[in-house]
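Got some structures for you, see below.
Shared between the two complexes below is chain A, which pairs with chain B and chain C, respectively.
== the complex of A and B ==
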């Protein structure tokens, strides 16, 4: 074609037009993606880098006002990791609380999903509406409601227990003790968190073909065997998703702790990583130290997620092998 | 399966349903009934409120300025919904309809980004917004919430866009539509249900969020509802009737929203989790 001079003339602009069209085609997805990627880059990636940079600095009021950096190497990490407060209070609070909440959320959510499956249509509608109402309650207002419910003087629980003669309201304050504080926080978080698990697992249960449990029943499997050997393996991916999401949500709980009486720093016994990071930065103006705590929280979450995903995929590989 | 259930099984199910309803509805009931109870502060364990009054509501709306806080929250929520819907739809079309280099990487990145604990970003985002002088503004807050709701919205809408048959698009081209005409007249109406689901999610994220609004908003005329409630509680911590009235005002819109869209929301979530 190039050997024919008569065709070379009109072919050149046509080729250019084709190239331009190809370039437009290739760039269109990127043009469409550009605004979203720009937002994520500026508001998620850059802050993520920045919190890491801040964690290596002694960044206080002075640096905030002048904007200059003040690198001190690993000093912040040394200070946090060398502090027994982290090991005896903050870390046990964070990990213990999250482990309890995740377990309860997933177990209660799954039980409710199994219950929904056994109900008739009308009762299922009633129950799922009730579940939606628990889910819809914002964390902030939900926390205030639970504080009110457990209010030492006039709350419904202390009033009820007082009526039974079990406690003396004036001498009982559940918010000062670390264990009862976290028991109330657990109730709050599970109440808010289990609806997501219940609805998601219920939707997954609907995808299991009806014939499977029926065949298993004919084979003599009892309810527990059917659940453990049939239902769980079939909807394992969904369990994985809800568990990982619950872990992420429950590790970084902030408002539900911060808003409780004493949770905003007045009672150091009940701090978790999120609230500790906030208090070090915004109440004590040690933004570098606060950033280091935030980085620790992120790394902890990352490690748990990776280990969990690894364990599950390994387990399912072994399960698949004959 | 229900037909084979024995009497004992029926009693067990009835007990489970009762426990479930009590656990899920009790806080909502206690909040609303305390908000209308004239003697809320000394209610104790009285199951029924001692009477009916709107005093608590007029107190939080007049003295607590809850009207303004709710309006601020609604503005931020609507801004987040509109922006995230638009940007997410563009991005979803890109990843669902085009084959291009790095496409998989972009998808994986969007999935991974959802795992970042946003609470860890309070400090850098606070400094960033401070440098941009967007600290005390509803726009700054809207932009931050946009970043929070975007990954989920892109991921969900991707499924809806992919579900639209290519033939429908091609028919539109044959009828003389340009790409933009096809997008606005064909694709947009077909993915509308997905947009509803992501909009609900984005609105709830913005409406419920506390930490960032608490750190960013220093001027009390700019408080969102959640922050306003916190400040109000700081001032009137023993006025439980008023605190519950404020909580009711914040909770009710979300509650009604959730119940109305529950079927679509559950379906969309399940689809997203299984896919």
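== the complex of A and C ==
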């Protein structure tokens, strides 16, 4: 977008015009982005900064009411990191639960995608509609459905097991035990999360040229070899995206835990970072402490994502090498 | 911007940029103002407007009441009311966010346990002067006014009250010729008989998620949850008396099998549901639920019976007096605000609200009138309130204890068999003391 070269004029104004044009060129994208950035700054960046600032304060209702600040340095972080509750309960719950959910979500989603690829048109439509409904269900509704399914007294699961004579419903409660509590939560989260993986991976599978698997078959590769050495490397970027998104979603699971019986704090054994942060902030009015937990959760997520992305991109670089 | 992007003079480029800039600015501004677009809407009338928040659902049909209130208030003061209904479930968050944003109402209904909390934060005005001036001090339901009083300051005026007592299936009791219990032993015995006579029913669900079902047994055994200790508070939930009560209450489930495992995580609402669908035979639940039952099915009027919670040996076990206060959030019009509070909490309008909502008025004299009517499904609750009502520790720190669900956690650990009552109570006391001390 330099000035018209045919219009030869004095050197100085031309240079100025060129500079101006260059500046305009550089600034135009930003100008177009400005509205979106302004919205992001107001809705996302400013709250983030506020949470960070809050995490360095002892901030309670009094401070909320008066608007004064009360900086205490790293006290909140010291309190959290020095609390054995974090290391023995909250962190293992969060990390273990997320790892299980991400693995199961990606595996189940991929299997369903492979299934979709093999189905005929009609069955594929039926199948994808069914899984889309699981996806479309709001997390809160879904959680209540699972609670009802596993209701010890009147739920379908306990009814079925009772019919088989396996359990005594009056003496059963799956929500009090940490493991069974999280087993139900895992079912809920995986059921809600796998459709996204299935649809995305299915879309990626469609991009693999038909000749590749055919050639592999001719070369004598079996189904597993075709999947592992051909399909997976070809659509690796898609796996990367769905895994990272799943990690982010499953680490910050809140409603699915908070709404379960005992999940809102009555049973401290089942707290995860998200619920713990909420309870500290809104049930105990310790907004500073709650913010510090939220910041830690964010940092943890960032760290995991960075490590994961680096590992994967390195791997794919090596994979691409001849 | 239909111009071709090439071959224009720097001049037009400049104006283009300006246009873009202006456009961007306008867009962002528009978005910003769209977010913060709340002016004063009450500019039509002559007098000032008071903003009032009331909880949704207490009074199933609140519109006529609000109209009557607006008319009466307008007639007397010439001021307007802007009444908004908010949900109990997110009311606490609404108040804190309104506090942060400086958008608090002038007058609002608050839960009894919030008075200490918001009062300590400096958000509520002290009403003790106005109450004394009006000569109302001696005529307020004790449990409610106690909950609102912190160090001599009164952060809310009792509006309406509710209390939990023992509700039982009158039809089932009559069928087997059973009498409602009057002592703890009788409670256990009648429940044991029900277990044999009605094997499909749950004689007495012990709900792990409901702290208010437990408190009467702690108080009934002579225990306390916490007591004042100098300037602060100290938990006494692991004292011998309190533990005796906890032990009795939980043993009904753990030793006598009068409850079900599912109840370990039940909330009060789940317990009511089991009563409503015919499973539970006796429950500790509130006077407001009687209306809910009868509204759902008029046959309940014949099926439900109420007695005050039995005492350990005799008398009654105290029950928590819950309900609502009207607080003034440091309004610009304190006199008008008080006038409104007085109008809503005393006399005809107070009685009308209590009657419509199925709660009790917060004024002692009105409450005695209600008891005098000897309505079988109302009088036992009124008696419980007048003779055996109790308040929780009045400190904003107890609000935190409730937020942490320390008592529910203790109950669940005992009911699921993880800990003995003494161990669980010791742990709960330690957790409470940590909150009191911090």
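The rule is simple: the second predicted complex is superposed on the first by the 290 of 322 C-alpha atoms of A that agree within 3 Å, B and C clash if a C-alpha of one lies under 4 Å from a C-alpha of the other, contacts with A are read in each partner's own complex, and residues count from 1 in each chain.
Criterion: contacts are C-beta pairs under 8 Å (C-beta built on N, C-alpha and C of every residue); 3 or more make two chains touch, one makes a residue touch a chain.
These figures come from a predicted structure and were not determined experimentally.
When the shared chain is aligned, chain B and chain C each come close enough to touch A:35. Applying the stated contact rule after C-alpha superposition, one finds that A:266 touches chain C and leaves chain B untouched. In the superposition on chain A, A:65 contacts chain C only, with no contact to chain B. Once the two complexes are laid over each other on the shared chain, residue contacts for A:56 go to neither chain B nor chain C.
In the superposition on chain A, A:175 contacts chain C only, with no contact to chain B. More residues of chain A are touched by B (comparison of chain B with chain C).
In the superposition on chain A, A:239 makes contact with neither chain B nor chain C. Applying the stated contact rule after C-alpha superposition, one finds that A:97 touches neither chain B nor chain C. When both complexes are overlaid on chain A, the residue A:276 reaches neither chain B nor chain C.
Looking at the shared chain after the overlay, A:112 reaches chain B, while chain C stays out of its contact range.
Comparing which residues of chain A touch chain B with which touch chain C, the overlap comprises 28, 32, 35, 39, 42, 64, 67, 151, 282. Touching chain A in their complex are the following residues of chain C: 5-7, 10, 13-14, 17, 20-21, 24-25, 27-28, 31-32, 35, 92-93, 96, 99-100, 102, 117-118, 120-123, 202, 208-209, 260-262, 264-267, 274, 279, 396, 399-400, 402-405, 408-409, 412, 415-416, 435.
Of all residues in chain A, those touching chain C in their complex are 1, 3-4, 17, 20-21, 24, 27-28, 31-32, 34-35, 38-39, 42, 60-62, 64-67, 151-153, 169-173, 175-177, 261-262, 264-268, 279, 282-286.
Across the complex, chain B is touched by residues 26, 28-30, 32-33, 35-37, 39-40, 42-44, 46-48, 50-51, 54, 64, 67, 111-112, 115, 117-120, 123, 126-142, 144-146, 148-149, 151, 154-157, 159-160, 162-163, 191, 195-196, 199-200, 202-204, 207, 213, 237-238, 241-242, 248, 251-252, 254-255, 259, 274, 277-278, 281-282, 287, 290-291, 294-295, 297-298, 301-302, 305 of chain A. Residues 1-2, 5, 13, 16-17, 20-21, 23-25, 27-28, 30-31, 34, 41-46, 87-88, 90-91, 93-95, 97-98, 100, 103, 106, 110, 113, 115-128, 130-131, 143-144, 146-147, 150-151, 154, 179, 204, 207-208, 210-211, 215, 226, 229-230, 233, 240, 243-244, 246-248, 250-251, 254-255, 257-259, 262, 266-267, 269-270, 273-274 of chain B touch chain A in their complex.
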